[in-house]
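Shown below is the structure under consideration.
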């Protein structure tokens, strides 16, 4: 009997985190996979995924535009609500046996609730990690709504369990993004030039020389100060004498403030060694990161994939606070001087040793193996003994 | 400086649970209260609240229709999404300092997320309780999204804390519904006849004789079997030789199945000792419960308010499984014979001793006192030491 | 090359009006038909269509719950908006060559606008008729948004043309409901008893004796007075000494007021010669109408199908004002005495001569023939000469 | 007794068209005005209106984000649906006596339907004009839904009447934008430099030398070709040797294609005599147009306001086809050579004679005078005699 699995993609990041799993599910006759593309991954400026998915041989069952303009907390909240309305209809029509919900973005909550209220069992990936930003709240709330947990690290498994989840429903599989990282480390072209495949705007970069990669996202809970923070970063980049590929921010609240600062920077100072990109397919993006001298910003890539690649990374601010990290990361506050100093340190550091913190490169296989064995059913009420408390009344029926 | 507080009412039950707090906030010049009436409490058949609130001297800032027809899991999920869209707009325009979110119904999640994504601090009531049904998942997820917790019992406080919440943000205040119960116990008319104030349909009840109160809600996670379950209950009621006031179910998924069975019962058997009601104002409802011989069904009133009133209660099925209870409750599976036997036992039992399990009758005062002292700010990332785990990296900024 | 046609069903009435066309399109290899079931036709109490369509061999591509509870003008407006959101997504994914939009209900507008903004050519049925109620506004607005017009009468064709539409885009095909009427007139069982196939509630009806059929819908523009009006009708029915099958109202604003009056009537007076139904499949419904002594109410069936069947009909109020009618109709204001008198007249009248006003019974064939020939493209700007005005500037590109 | 009037603003253009009316209503004690700001006029990149309205002394009752990202037909349609949901709630809460709906953008339809289904009388402005694009369909459909018509020209009044509207409900008041134009013509600073008040991006413009103003919007019905068309325009601008202020397009479907071409142009050719603006307040915008040598594009400003100002205008493509125009307009197809030639002709032409085609500069006063006299009630069914047809049946009640 085939298992019908539904997955909703809502950002370019989703694909980097779940891609290997989608390919395994798609190739496996025991599963019938429905991919819905929605949210930011339908919007060109945040990096449309539809063409990439199709090029990679994945079929899309339904596409949906449900991102509200605004780039602020209000539009994020309304996007979640509208997505929830539409995800409900599509899940009702697809009638899957299980829904996979990915990590902790706000649309994650829309998928999770749409499935939860329809009594569809939910598999959640990347639960139990601790970070800054609103993602932190959403991640743990999703853990409490999900029925099965595919976690990335030993510690995450421990956190999920201590939040009251049944250990029989927790699977420590690692992060599928590490599978991609291993493949890159082994096979990627060290002279890959993204300028051949993607336009971008700005100056030509010489990939045979040192360059850094910048990926800085807004922090929704610090939404108001993002314009100033971005300028702290800009001043640092302006001061550093190194080429850069700079990726536009994701659509979290504050995105317009980050973008505005970058546009002003381009307009006013016309930097001569930076090229700006919206999006690349995950393997190309990670190849560029792998070939770079340092990743700068606050993306989790600097902590997850880079720990595996042994790639130097400078992590800004507290978006990633609390997340487990390897020796490759230097943490700095969002201040120009601190950023400059840390990047210079990393440029001298060269590469670090590879780490297995986020998996051994076989996460997709482990996750699909687990999903093949599960007999999907909703979890019951929380067992208070898992919190170290006594039981009250036994179930009746 | 006044504190702007927003509260969204979405069901008649909400008012029984938060009413005394609304009145205290409304009367207190240190608070500026906005009440939004939405969800089921706008719909006549589920018990419209607008008139009741206004009669009680509370002003309504905005009214919203956002319940989808269907009475099934799909309409519940879409109702939540649509509510989230509209709650976001209203919260954006009201710009409150804090939002109170009540208990665990699915619209609770809509209010919570609308506030959460807008970085508005959230006060959650009734967290940490453990029960059956989908409410269980929503309640604990809300705990992980909320910033302050006003809990009803000592054990609930413990649960919320073990779920990783800071004990400085947890207030054990009791349940405001117990405030109402105490008032009823002291002042209510023992001969109150609701038939003077409310129409209802069905037969005349003689309130000087024994009568029971029936309140049976669907369990969304067991949605498909609700029609059969309701018939188990009907057969029991039909067999018992006692008058009854029967309240129509709330709008949870399965409501149509429960209603259908009741309508068929009325049509086919024309019972001669039952009167059906949609809704009463909380004090009248509780007076009727207090004067009755027994409460039968699966409402939490049988466990919370009735424990305080020492009122016999028969609790059916596992909707309330895991909830702390006093000696006044007999739990039974949803089977005709078991229900009949338990009700007969309770009819003989008379009243029980009063309990302080869910509070001492001063919950509203305690909660408003606490809310007066709080300096509202969003909580930070979860401290892993609260889960008994070591810390990782300190925050940066 | 096949033509992809999408049709959205939103009420039981839709099927009676378009059913024969759906069957012809479905059977014709030149067309690829997608049926979306949504709106009131998803809701049991307004008559769910999904099972009926499937029983009749029609496939449903997508189902959607998008009716807001409330039964008032506010919920109608929000239903339209929400429907428009979801119809847009489904049409975007289906990518049809043409969308058929039916008549004049408010969800019609949702389908029409969803197609219109996506530049999908629209075929509108039943344009150009003049009636009372809000449907009147919606119908003519739809004419101005649609690209092709399949009208029912010669006069309707004239009206559409005078509203500025190109006569080459207007097809006088008749109403497909007349096709069903002809089939009924020829083949239906004169002793058909709906009580064998459908439950209903209320008393047993002896179909070998005279009975009338009542179908009274709320008039949204007179929403506030519907409760009183329904009681005028009830008093008339109560006074008349004839059996009746009474159909619950559609979900237009005011539906709750009509239903409330009927429920009170049942509860208070327990009428002994009326049976109430939610819905029947169109052919059974029309068979019952055909076999009855008179149709009473304000449904267009009394004017359209009954003119063809020669069936006596009493039309109440101004919901149908302005609509072309045959000799079979007596129009009365919504007053008890007038209704009683008119029904008594019709009970004496027996059957009338058949009329071809709304078609010759071949509307579906004519419409599908037309649809086969059309090369679908959007209409251009309105030619002022069609309004009898001079031209201004010629188009440029 | 004051009349409660609600107006929903959804684009910067709305304010230019209705601004003088808002000020008159706001100052008049006989009216109580509620302004809702929504749609494109909430989004910075399309020109946020909130700050401008408040600076101008107008109060905003409610703000709403309801524009979907995408800039394509799908996002337009969904924006309309979502807007309709939220406009319904706000109108239900404000409970106005009358709603003003402006012109013909797609959100106009959302306001119109939200009011229409709630039985709120609707005053429509700018009906009866004939143009290209989807606006054409929406405008005439709105005429059929509206109850009162405030039209701009004699011919428009005639068109609205021939579409079946009662002449007693048609008011020929002129366009309020002409009021602003007259004020500009009389009082504006001929040396006004917008670079002092607004940032913009691009090169410095010397306003003491000749400059043109460019405003080119996408045509949703020709959505696919907008990228190529914009490049035709860009090549013309590039060839012309004249400074320019270029305004970014509105958010109609195709906006992303227009913007993309402009961004590429800036990136690839770095034009040295163009400055780009998102938005100015209407008076500043019109001052700049008035002081320029020519307006180039497809905005209706080139036809309406410029006819009054005697300002040379080159109108591209068929977005304005069919609209009445004065002698100041040269129409050209969207082809580089034709555009260059027409602009050169206009640069030589100097100014034209002023025209009263769209009003005498007292439209706001005339409209508010009319609105003061109206006893607001919904219109009845369409009288067929207004279409030159015979009557059918008289109304009943």
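Side notes on the structure shown:
Each chain gets a letter, A, B, C and D, in the order it is written, and its residues are counted from 1.
Basically, a residue touches a chain if its C-beta (ideal position, glycine included) is under 8 Å from a C-beta of that chain, and two chains touch if they have at least 3 such contacts.
A quick note: this is a predicted structure, and the numbers were derived from the prediction, not measured.
Ranking all chains by how far their C-alpha centres lie from the centre of chain C, first place goes to A. Of the two chain pairs examined here, A-B and A-D, the one linked by more C-beta pairs in contact is A-B.
Separating the CA-averaged centres of chain A and chain B is a span of 37 Å.
Between the CA-based centres of chain A and chain D the separation comes to 42 Å, rounded to the whole angstrom.
Taken residue by residue, chain C touches two or more other chains at 65, 74, 78, 82, 85-86, 89, 92, whereas all remaining positions touch fewer. By the touch criterion stated above, chain B contacts chain A in their complex at residues 73-74, 76-78, 80-89, 92, 106, 109-110, 113-114, 116-119, 130-132, 134, 136-138, 140-145, 155, 158-159, 162-164, 220-221, 223, 253, 317-318, 321-325, 331-334, 378, 380-382, 384, 387-389, 392-397. Here chain D touches chain A in the complex through residues 42-44, 65-70, 72, 74-75, 78, 82, 201, 256, 263, 267, going by the rule given at the top.
Contact residues of chain D toward chain B in the complex are 62-65, 82, 85-86, 89, 92-93.
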